[in-house]
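Below: one structure in structure tokens.
The letters A, B, C, D and E name the chains in turn, as written, and every chain counts its residues from 1.
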Amino acid sequence: MRIGVFVCQCGTNIAGTVDTRAVAQRALDYPDVVFATDYMYTCSEPGQQEIQNAIAEHRLQGVVVAACSPRMHEPTFRRAVEKAGLNRYMFEMANIREHVSWIGQDRAANTLKAMELVRMAVEKLRRNEPLFASEVPINKRVLVIGGGVAGIQAALDCADAGLDVVLVEREQSIGGKMAKLDKTFPTIDCSSCILGPKMVDVAQKENITLHAYSEVESVSGYIGNFTVKIRKKATYVDWDACTGCGLCMEKCPSKKTVDRFNEALGVTTAIQIPFPQAIPKKARIQKDACRYFTTGKCKVCQKICPTGAVHYDMEDREVVEEVGAIIVATGYDLFDPAPYGEYGAGRYPDVITGIQFERILSASGPFGGHVKRPSDGKEPKDIVFVACVGSRDKSVDRPYCSGICCMYIAKQAILARDHLPGVNCYVFYMDIRSPGKNYDEFVRRAIEEYGVQYIRGRVGKIYPNGDRMVVQGADTLLGAQVEVEADLVVLATGVESSRGAKELAEKLRISYDQYGFYMESHPKLRPVETNTAGVYLAGACQGPKDIPASVAQGSAAAAKVLALFARDTIATDPQVAGVLESACIGCGKCLSVCPFGAIQWKTLRDGSRKADVLETVCQGCGLCNATCPPKAIQLRHFTDDQILAELDALCA
Amino acid sequence: MPKVVTNDNPYLPHMGTIREIIQETPNIKTFRIVLDDPEEMAAFRFEPGQVGQLSVFGVGESTFVINSPPTRREYLQFSVMKTGEVTRALHRLSEGDPIGVRAPLGNSFPVDELKGKDILFVGGGIGMAPLRTLLLTMADRREEFGDITVIYGARSPQDLCYRYEFDEWKAAGVNLILTVDREFPGWEERVGFVPTVLAEEAPSPFNRVAITCGPPIMIKFVLAGLKELGYEDDQILTTLERRMKCGIGLCGRCNIGDTYVCVDGPVFSNTQLRRMVSEL
Amino acid sequence: MDTLHAHLEALFDDLELVIGWETGYEPLRPTPAFLRSREDLSRLVWNPLCAPNLSVYLPGILKDAKETGKKIGVCLKGCDSRSLGALVQEGFVERERLYVVGLPCPGTVDPEALAEARKSSAPVTHVSFRDGLLAITSRDGTEEIELERVLARRCRRCRHPNPLHADVILGDPVPPRRTEPSFSDVDAVEAMSLEERRAYWEEELSRCLRCYACRNACPLCVCRDRCLAESRTPKWTTQRDGVRDKFLFHMIHALHLAGRCTECGECERVCPVGIPVALFKEKMARIALELWDYQAGTDPAATPPLQTFDPSETGI
Amino acid sequence: MEQAFFLADAELQEALAGLSAQADVWVPASDARKPGLVRFRRFQPGLTVRLDARSLVSAKEVLFPRSETLLRFTKEKDLSVPAGHRIHLDDARTVRPVVVFGCRPCDARGFLTFDPVFTKGPYRDPYYSERREKTTFVSLVCRDADAACFCSAVGSGPADPEGSDAQLIPVDGGYVLRPVTERGAALLEPIGRTAAPEQIREAQDVLDQVGRETVGEGSLTTLAEAFRARFQDPAFWHAHIDKCLSCGLCTFVCPTCYCFTITDEARGLNGERIRSWDACMFPHFTLEASGHNPRPSKVERYRNRVGHKFSYFPARYGQVACCGCGRCVRHCPVSVDIRAVVRDLPAQEEAHA
Amino acid sequence: MSEKNERQLRIVGFLCNWCSYGGADTAGVCRFKQPPLLRIIRIPCTGRMDPLFVVKALAQGADGVLVSGCHPKDCHYAVGNFYARRRLELVKRFLPFVGLDPRRFHYTWVSASEGQRWQEVVTEFSAVIQELGPNPGIGADTPMETAGQAASAFA
């Protein structure tokens, strides 16, 4: 093999504390090195040209560049050597800037270290093999999991671009949390007025297949070629026949069913359409509330249904969808304030959560938009909002900021004042977080125009006094304990990961943080990608987000899918594991440890079973390589021999 | 016996230099090697069929037939298919690189006994290499031999070695029949497996010796085919391969019964093969 | 013995073959026997000299065996049965294809200790065992030697003399010599200073011939023909005769057995140059016990600790 | 016995030290830590010499080390040549005279298997041959046969002088040293006193008595044909070999097993080509790069081992490649008994009807 | 820094590409000074770390071995470091049994943003290795030529 070594001075960044000339000179003593030089800026256009010239002139078969971190310029140099006719993997970098010149002043020690790093790179390169990406066809259908506003946006953007979209929603209707909101901050526009048309769009797009009241059962395959099993849960109503006329709801005798859409503030029927704008607008029987299912007698809805859509014997069924990419938009859940026993949520009917207050404000809510308190239906005169219930609090394992509470408190206080101009609103807060566009102005309006009283401090206790509640807390600005009497207390419960998020993550083989929020590929530069190729994130499943951010991410995820689908095939990274079949003993240890399910069995003609890597699924972590006892499975470009060569270059 | 260019240490390779490398097929390269000592090169003698051990120092040695003919002595030619550690290392070498050579080793084709006879070569893939040395020897001494027919096949046209000299073979009066396993665009020669083409061609066994080399499965069917055509065991020659280390009959691994392929072979007649224990 | 014969006799029609022991070239050397006919059964012997762990043959024999529907009978001692457990666990052996005869084991003999304990060096003509006594007959007469005196090292620390996972147990249970894991020999090595330990192992391992008997006798060394220690690609070891390469081979073996070794001690028993190689694996077993409370081969449904993880574990 | 010397037990160390002045003297000796483990070791004063015990590994490694350098190579960087380097080869070796002292007759005889292969050609192995030429074997007349020994069955015997340059005969208070070859005589002259006539007589009695002993039953030297007949009888080979673990122990302790491998071990610009013991029982031994293995399982491999010793080698060199030392039987982890296998070769009908 | 007896000490680092290699880069970018003993081998994930690499490095005379990856639960490949920490802890506890000094082996978790922490890790471990001095390895039958060669070329 003929190797060329290029030692970059990086101006004085490297040459300042490393004798680059000596490093290049020393490289000529290493095996297979036939050319070595130093250069002021190897990554510059002329620097790259120099490499390309040397490849031609000295018939180089491999190139080592000693310069900055490969995380910086490896792609640059790979392209450069490729242009000169070498395989891009016949290239190695020695990091003599971040790991040498920038961290030590001793020129002699640095130079020695740089020499050894070059030697390691040379010895590895001597074991490199040309690698070639393979191309796999892309199935240009996309699965969106979650029909909240982020998922809806992603689905619509994809559908608008002409893709076939499969949208899976766990609940009976799409719309998510946003569908429950009355107005949105900071514009106070009607939530259902802006979301509704989008929901209708979803229903009307022919290229969107909506599976509502359905859940993802399993995911297999890889980018471009996923197979997804979806369980359509039994609704006991044939949705093809149901027209959403609502007759069944009128006649259903089980009228005391807890209304979950209204956050248990009201009642509904056992057969139900959750809210008037529901998409799909189809009825479903809530089995545990249904008289027929609980007593065996009733069947009123079946008799009354004009289209005969009710089928009590319906069972869950499974559908299989083949897609090329997946957008995960499973949203969030709200913190259950039960751990804060001192606040009395659940014990006192007039201590409610923010989302409950949202339903109270809503014209389609349990009180028809009249602000009343749940206990006795009286209009409140004093309302206290408590911020950070389940946010920024380590004691309940929620140390993070939920990001939206400050804003929705301000909105709800403003709306309360709009509905009941005489009401007094108090907000107990820790800090006000209002970093969005027009957000701070919005909070200021609440304070200045609407006279909402902000008290900086934690609430210690909430207890009843007669038919009112006493909110006891600190005012840290006054440095005093304060008490506020209120008719209604709204706990601004924080955002937490959606229930079932971890289980879904495991099906998708994506990672999640300790709170169950999905991990993006890079916190800044790859915010909607996951580490599983072909799976993208949108909305609050990745972390607390408000509506504009969720919508933006929905569009961003759609853009990623469209970019992926712009090609007919995808090139797979060839730095993946490969099996030397003759050495594989069929022990299956690699299959059991692979985090991506990228290894499967292959049966040879003689009946023996061998591990087989799905190169498009393999992410190149090398866990299988470390696990394989006879080392039959090797991670290309990081093989045992390559790593041992680096090690041996250093000590033997 | 040909003169053995060696000192008293048969393990010590002679240094040579790669003069030329030819990429024959995607995984076969041909190396043209010249011994560094001009006197040694001038004195080097071998017989067709003999092998040499090529050394990549630091990796090891491997055995290959010298596929250039003794009649052409400006270089020694070896063709190497990339299969293992040493062959992978050989494929990484460049023109001008040094290389170690221990040669000639092993027996050879009985050229004198073949004089005056019609010859049939049946080769598959890299198996053409040992045939080439004899074929070119005969081409260079054309008048001493009768009809020379070559049936040479590979999986695809690009898997045929020595394509660049087929014309030369034909010009020397060789009846060259080429075949590939299936149809390929632009391929105008035969299509089909070598044993099938052999059956179709059916060269008469009268006064003819068949020499065959190729993958084991091909050999198996070619031997059966030749039998069918009436060839006697002593009219069939083939070459055997075994894992070898020393190449000089000592290290003990290349035996088939009491026959050591490295010193008793690689060339065997079918008569000899039949006498061996069945451990192929 | 008689029970064993009678039991297998009665079952033999349902068995493809029985793997047991028979007398080898001398009565002191029982050797593994593959008994394929009813008449062969008479060759079976079972005594404290039956040292080989027969589970080593199971993956190979099951792979080669024709599917006749008949089971393969195998005689296993306590420690051997743990190996079976591990093999089942890792999918190398289909338990349902076996008929496992468990033999409660009084302990096996260390041949060197026996040679030393014997007064006569004459070739042995007969051996019998009863009540903890070995009766050894040669032309010099019969000597009685207490088994306890000539016990193999592995047996002195044995906690599982009574087989697990067996279809039938023939013989009375043997009270275990140990009820808790015993690592006294590991402790003895650890009592040395670091420097002494290095010197100790360098000297011990310098004798290694790399004959790979330890590896091939190990029932859990499942790479068989594909051992990393002989591989040239990747190349972890050289063919040099130095201590470092020998050391590396034993480290490969030990690390591959980490969390898997069932402590049968075969590696050490078969070592021709008397290197206490089982200590490496005993140390591994101890670490697995300390870190993960894991004992290989006792629960066929368990997952070896290095094949799994626990996100919540701390301290590592 | 014409000429003989006497060496008293007490003088052994001194005599060995004397011999060591001109030669490397290899003796059976035990380790301090493993008194039961006897190996051939280079003599140095204080070594526990154990003439009374059989050695585990034969004396083979004295002439045929487990691993030895065939040649060293250096890449000298030189950018003036197209390759950028030149290669220098060096096979220089120094051979010191060697005495193998106190081996058993079987050990000495084992080299008679090496000799025709390594010294006679067609290619002569210079490494072995040069050492062989400078080696003197002094073997001890053997009175310690155990159940694994079978030297008589391969045409040798416990007092066999073949392959030895001198014999050590145990007598009262020491050993009588009897030269067998001129080289032996030359070696012994300086170290022993001339033996007294009664010592010579006693020695002769020992020789006669031991010489009459038969170690091992029957004869295993004429079974080449039987082997060929058995070659394709899988049931026979399975019955004998199913228990084999396929390790290399039998071949490594064997005095006649000479198979080896050659590998390059290099780092950076320097390296060496080494020759090290290999074993026909290892699957890698015949595994080809293509993945094909002509001897894929232990059955074929063991069959080849038996064939090599009792059929192929006799066919090529006119003698069996076995000295009957019994090490392969004695040390086999599962007591595979090659004698039994070879003895059963002809018994076609009985062995498997 | 010339001959074997006072050869420069060397630490072999095995760093995962996503976190710790980035952390080392960050430390460099921030100019956090570190002792010059460490030589880094980049691996994709600590899950790639066969404990044999540690044993081999120490057996052949590496003065220190440092393995660093993403913090548990932050693995780029989700679970690679969960496996790794079991294997690394096992080998850490095993080393002293065969006479290899466990203080010469350290494994830790450093994220790409923790430049400061990386500096501390390298500084502290280097100090330990300085204190311990050269590692004799196991069976010193092959010469330590690298150290001598590279050093003499520069001197």
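Heads up, the rule we're going with is that contacts are C-beta pairs under 8 Å (C-beta built on N, C-alpha and C of every residue); 3 or more make two chains touch, one makes a residue touch a chain.
Which chain is which protein? Per UniProt: A = Heterodisulfide reductase subunit A; B = NAD(P)H-flavin reductase; C, D = 4Fe-4S dicluster domain-containing protein; E = Coenzyme F420-reducing hydrogenase, delta subunit.
Values in this document were obtained by computation on a predicted structure and should not be read as measured data.
Minimum number of contact steps separating chain B from chain D: 1. Taking the mean Cα position of each chain as its centre, A sits at the greatest distance from chain D. When you average the Cα atoms of each chain and compare centres, the chain farthest from chain B turns out to be A. If each chain is reduced to the average of its C-alpha atoms, the one that sits nearest the average of all protein C-alpha atoms is E. Two chain pairs, C-E and A-D, are compared here, and C-E has more C-beta pairs in contact (counted per touch definition above). As a whole-number value, the distance joining the C-alpha centres of chain A and chain E reads 34 Å.
Measuring from the averaged C-alpha position of chain C to that of chain D gives a distance of 30 Å. Averaging C-alpha coordinates per chain places the centre of chain A 62 Å away from that of chain B. In whole angstrom, the spacing between the mean C-alpha positions of chain B and chain C is 50.
Within chain D, the positions touching two or more other chains are listed as 75, 83, 85, 261, 263, 267-268. Looking at chain E, one finds that residues 56, 60, 73, 79, 83, 87, 137, 142, 145-146, 149 touch two or more other chains. For chain B, residues that reach two or more other chains under the stated contact definition are 85, 94. Residues of chain E that touch chain C in their complex: 51-52, 55-56, 59-60, 72-73, 79, 82-83, 85-91, 93-94, 96-101, 136-142.
Touching chain A in their complex are the following residues of chain C: 90-92, 222-224, 226-228, 231, 233-236, 256, 303, 306-308.
Of all residues in chain D, those touching chain C in their complex are 31, 33-34, 36-37, 39, 56-57, 65-67, 146-148, 238-239, 242-243, 245-249, 251-253, 261, 263, 265, 274, 276, 279, 282-284, 329, 331, 333-337, 339-340.
Interface residues of chain D facing chain A in the complex, by the touch rule stated above, are 75, 77, 79, 83-85, 267-269, 291.
Across the complex, chain B is touched by residues 70-71, 73, 75, 81-83, 85-87, 89, 91, 117-118, 122-126, 228, 231-232, 258-264, 266, 271, 273, 275, 278, 280, 285-290, 292, 294-295, 300, 304, 307-308, 311-313, 315-316 of chain D.
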